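What follows is a single structure, and I will ask about it in a moment.
When the chains are written out, they are named A, B, C and D in that same order, and each has its own residue count from 1.
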Amino acid sequence: MLQTVSEPRADGAAGSVAGAQLAAYRFMLKARLLDDKFAALYRAGKIHGGVFIGKGQEALSAATGVSLKKTDVFAPLIRDAAGRLAFGEPIIDAVRTYLGSALGPMRGRDGNVHRGRPQTGLLPMISHLGAMISVVNGVLFARRMKGISGSVGVASLGEGATSTGAFHEALNQAAVEKLPLILVVANNHYAYSTPNSRQFACADLAEKAVGYGVGSHSVDGTDLAACLATLTEAVGNARAGHGPQLVVANLLRLCGHGEHDDASYIDPKLKKSPLGRDCLKVAEDFLVEEKIADAAQLAVWRSETIREIEDAVAIVQREPAPDPFAEKWCAIASVHLGETHE
Amino acid sequence: MLQTVSEPRADGAAGSVAGAQLAAYRFMLKARLLDDKFAALYRAGKIHGGVFIGKGQEALSAATGVSLKKTDVFAPLIRDAAGRLAFGEPIIDAVRTYLGSALGPMRGRDGNVHRGRPQTGLLPMISHLGAMISVVNGVLFARRMKGISGSVGVASLGEGATSTGAFHEALNQAAVEKLPLILVVANNHYAYSTPNSRQFACADLAEKAVGYGVGSHSVDGTDLAACLATLTEAVGNARAGHGPQLVVANLLRLCGHGEHDDASYIDPKLKKSPLGRDCLKVAEDFLVEEKIADAAQLAVWRSETIREIEDAVAIVQREPAPDPFAEKWCAIASVHLGETHE
Amino acid sequence: MSITYLDAIREAQAHALRADPRVFIYGQDVGAFGGAFKATKNLAVEFPGRVLDAPISEDAMIGLAVGAAIEGLRPIIEMQFADFSTVGFNQIVNQAATLFWRTNVSCPIIVRLPFGGTSGGGPFHSQCIEAIYAHYPGLVVLTPATVEDAYSMLIEAVAIDDPVIFCEHKFLYRHLKAEKLPSEALPVGKARIARVGRDLTIVAYSAMVHEALEAATELATEGWQIEVVDLRSVKPLDTDTVIASVARTGKLLCVGEAWPWGGVTAEVIARVASEGYGLLDAPPQRLNAKDTPVPYHPNLWTAHRPTARAVATAARKILRQ
Amino acid sequence: MSITYLDAIREAQAHALRADPRVFIYGQDVGAFGGAFKATKNLAVEFPGRVLDAPISEDAMIGLAVGAAIEGLRPIIEMQFADFSTVGFNQIVNQAATLFWRTNVSCPIIVRLPFGGTSGGGPFHSQCIEAIYAHYPGLVVLTPATVEDAYSMLIEAVAIDDPVIFCEHKFLYRHLKAEKLPSEALPVGKARIARVGRDLTIVAYSAMVHEALEAATELATEGWQIEVVDLRSVKPLDTDTVIASVARTGKLLCVGEAWPWGGVTAEVIARVASEGYGLLDAPPQRLNAKDTPVPYHPNLWTAHRPTARAVATAARKILRQ
């Protein structure tokens, strides 16, 4: 019997393994189509600034998102549309941020991937790579101090960002505090154009874990089922009090660094290797093969999702742009301490 | 037959193992007595600012210094009087810097442990922990670019400083560039008052090496012979082109963080453990036992060294202090680009 | 009983920990040891689990504070020396300082910076870097000059919903004493007339207030009545109080211990020149540290930073115009 | 043929690599890829082994440059965006900037900072942080506004024996074009009269020079003759040229794209107020970006930064006094 789920569930509690795979797949699909839409809007000149998508990384990202509970903490990075959706970010938040709508979570003040809602545990990334990890630590640390137990936090990272001092300080900090942090590294073998050979010299990034005294997990990032199993384990370990977990997924990004980039620097051999598989296609084949979904159902979801995205874009395109005259131009909450001088 | 060496040799080529041990011991002794002198001057109120000594860490430091050639690069840290002397820093440079003499290498502009002569490969530390490692990388990188081969570089560090982002970025950078860097970490179990349990969570800092893809060495830092053997190996590996080497020595500092500090926070159990041995005493016993030196000879060296230090202090105390009116107050070399405005 | 500036900072933190369960302290050696300067002495014992040693990771220390603030706590981060905040700089200016503006979620953290020169401090334990924080939007930058202000402004800082850079002058730590802690205070954001005069306004902040006051005393013997304004907060900067003083005196000297280029003194003079132009009857002047690293040797150091004597000399030049 | 500001920067680097074997380039993606902005396009091929990709380690990148400079080389470090230099900040301001003063060994490194706002850049890809570098002693901070200056100042920067913070405006990269590269140039440290006038001096730098020039053109239609001074270098700052201009016009407006507190405009006004006080016949004014992070949406961004229109409005206010 096919399992059908009308809305993908964004909840770590998602019953069966197959149910979780299906839910994750649907977030992958949604993310892929949403990213495609942003890329199209970019080509049409409708986006201010860059567009950064997660093509090829959806399995890892979705698996991360579905492994979390809504009450957990998540600091996604630029290729995490799938994880964001799975964690509960509505499509319209993404669209509003990319289009700069005054009604979006960033109100036109910040754009594209720099969105989030700290109140809901979804941290809005700053651009400086590695900088969000210690912020996740802080939330987890505070929860422990407040006596709230059971929640975990994920910070996403690319392999390039493991070279930052911020990554190191934060992972060590989490280890010292034994925080329930899961650090998910998408090793897509390039940081912008820079190949791993110019980024690090260890054989496998997962080997870093021992030097921090944290749990270590490696996974094939093109394989949704594997990603789900790994993330479930890592999140479970963290939730069970076993301290930080480092997850390293091997994969490729199947797109440019941003939509302005043709990624011609990516080694064709890598593209042709198993790493170059499209995780969405792999997941679809898997679902069909395992009889979790059939092709007709996949087609329905695809067209439903496209409609959902188009609807969101249509709504946002009619929304007001931010009004500079309504802007108070005060960077602090304590209005009485704002500088009046210009 | 006793080997006698009138002046300790500061040269990695130092013939026999015993010869190297003897040479290193004499730098240890010199450093200990020099540090004692600074501590005494501090208590007498003769020093501006703090005094930071290396009591208990001389074996590691001296072993590091004697393992290097004069043409190598060395970035010592605050507890490296022994290594500095072994690398060739004259006693008078230390005294002049502590007393702020205008004739010292820092001309009174910088003080105490912040001394060096970049032209001779002795880099003057800035206070920010971890910051010197990448500077050593730069010198090594430049030498390679200039076609100069065969030199290596050492950066010293405390275990506390392994928590800095600078440490991580620099060690990774050295690994990616396969530079002949030897990173010598003195794990004295405290960073100021902070015990290792609040600093890192891995079992042994040497385990960090695998995550960087660099060589790894652990050593008992209270044992001069062991330190020499380890440093010789690590320096040899680096010089042979095997890339960066991480050396971690276990020891205790037998003094305060600075001379203002009574170090009452140090766990008495640690002090009573083998880590709490005084490496100078251990080395003396070893030399005597191995018949490399006898007690009488040790006593001679001690009194000779005390005289040498007293002479240096006496000279420096008669030297001119820096003259603020002679000071040009220009922070840049391009005088024509100096700001004339105040 | 006499209370030092340092005691005041300790007491303010004790008060904050006592009064507000959301407050905690995180910094190198702040726990059992009580901090490099003893500003948290005994607090770890008095408030178990709320005064914690941090690893030597300034970037992560600030990041953690931001996360804790998001979660509703009120962290106080002690930097061992202000100079070391440069390695936590990015988290301060780009993470903490932008959070509220970007997300409407406030970021009430305090970063305590033991700053300023002391004899023998040298280039990396003496810096006055308030201006680099004040330059960035999103931060409140406080510079108490008195025992009373150290206490009351730190307590008030804990209540501020924004990141506060709290610049404590190391030279004042043990040097400055008061009889008792204040029960009331000017609010943060208001400058204080530290001495009333009519011939010249000297604007200063932190340790320089005392050099200015000493200079004013000296100049009084020559018949000059110098008004000294203690800024207290460099961001926001109380332009109104400064301009009102200049309106009374017609002359302005601004004294800072920081480097000259773009420092507090530049900002003050630019404001007065723009907004209080007609009030000046002589060119406004600045007195800053020299534009070099802070020297180690006391001979150089006392020439590098403005002293009462240098302030008096600069003041005389203006007064004689 | 037409050469962009970006081409000029590439050509200057090619020239430096060709002329001086001590020069090398190190930065993220600068190698085969030619840099995020293509400022090093083809250089890795033309100069094998001398244009190298760095890991995402800004602190270590600067540290490496300092070490290489000690060893006699002349590194050029590209930051991918100026905004990311905050994580290399400590090595710039405390390592590179203090080396010469402490040791008498010079530190000739160049840190190239693609800086300034572009539409859609947002809070972390738009910053103008020249002032934080200018505040520290030991650095030279350059802000070329023209294709010609981008070329000649970068070439001259390579010859400077000190750390140079080279601020290249991203908005000008492809926007600004010239017919050919210059064969001669004003030396670094000298400001340039970009337009001659007699009614008001507008001091600007980098992209704001063009807003000022556009405003001057507009104001000319109203009969005003505006003099525009392009600072070119913000540290050192050519006070003489500024004051000489103010001596001619009697009025000063200073325009910067950076945040107001302690920016270049504060420094310029403070200097003119102190040293050229008698020359002014109206209060000197500043026009800066707003004191908030740089907004993403173009509607907000154009209100956040000074534009030609805003410059003209501010100028009219002064002119009508």
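Heads up, the rule we're going with is that contacts are C-beta pairs under 8 Å (C-beta built on N, C-alpha and C of every residue); 3 or more make two chains touch, one makes a residue touch a chain.
Worth saying up front: this structure is predicted, and the values here are computed from it rather than measured.
Participant: Of all the other chains, whose mean CA position lies farthest from chain D?
Facilitator: Here the answer is chain B, farthest from chain D.
Participant: Starting from the mean Cα coordinates of chain A and chain B, work out the distance between those two points in Å.
Facilitator: 45
Participant: Just how far, in Å, is the C-alpha centre of chain D from the one of chain B?
Facilitator: Their C-alpha centroids are separated by 41 Å.
Participant: Cα centroid separation between chain B and chain C, in whole Å?
Facilitator: From the centre of chain B to the centre of chain C is 36 Å.
Participant: What parts of chain C, by residue number, touch at least two of the other chains?
Facilitator: Residues 54-55, 57, 59, 83, 86-87, 90, 94, 97-98, 101-102, 123-124, 137-138, 235, 237, 261, 275, 286, 290-293.
Participant: Quick one: which residues in chain B touch 2 or more of the other chains?
Facilitator: Residues 106, 109-110, 114, 126, 128, 163-166, 169, 172-173, 176, 198-200, 331, 339, 341 of chain B each touch two or more of the other chains.
Participant: Touch graph of the chains shown: is it line, ring, star, complete or other?
Facilitator: complete
Participant: Quick one: which bits of chain C touch chain A in the complex? Just the residue numbers, please.
Facilitator: 24, 49-50, 54-55, 57-73, 75, 87, 90-91, 94-95, 97-107, 137-140, 160-162, 188-189, 235-237, 239, 271, 275
Participant: How about chain A: which of its residues touch chain C in the complex?
Facilitator: Listed in rising order, the residues are 105-107, 109-110, 114, 116-119, 123-124, 126, 128, 131-143, 145-146, 165-166, 169-170, 172-173, 176, 331-334, 336-341.
Participant: Give every residue of chain A touching chain B within the complex, in rising order.
Facilitator: 163-169, 172-173, 175-176, 178, 197-203, 205, 207-214, 243
Participant: What residues of chain D sit close enough to touch chain A in their complex?
Facilitator: Per the stated touch rule, the residues are 28-29, 31-33, 36, 52-57, 59, 81, 83-84, 86-87, 118-125, 260-261, 286-288, 290-293, 295-300, 302-304.
Participant: Residue numbers of chain B touching chain C in their complex, please.
Facilitator: Going through chain B, the ones touching chain C are 47-50, 100, 106, 108-112, 114, 126-129, 160-161, 163-166, 191-194, 198-200, 265, 321-325, 327, 329-331, 339, 341-342.
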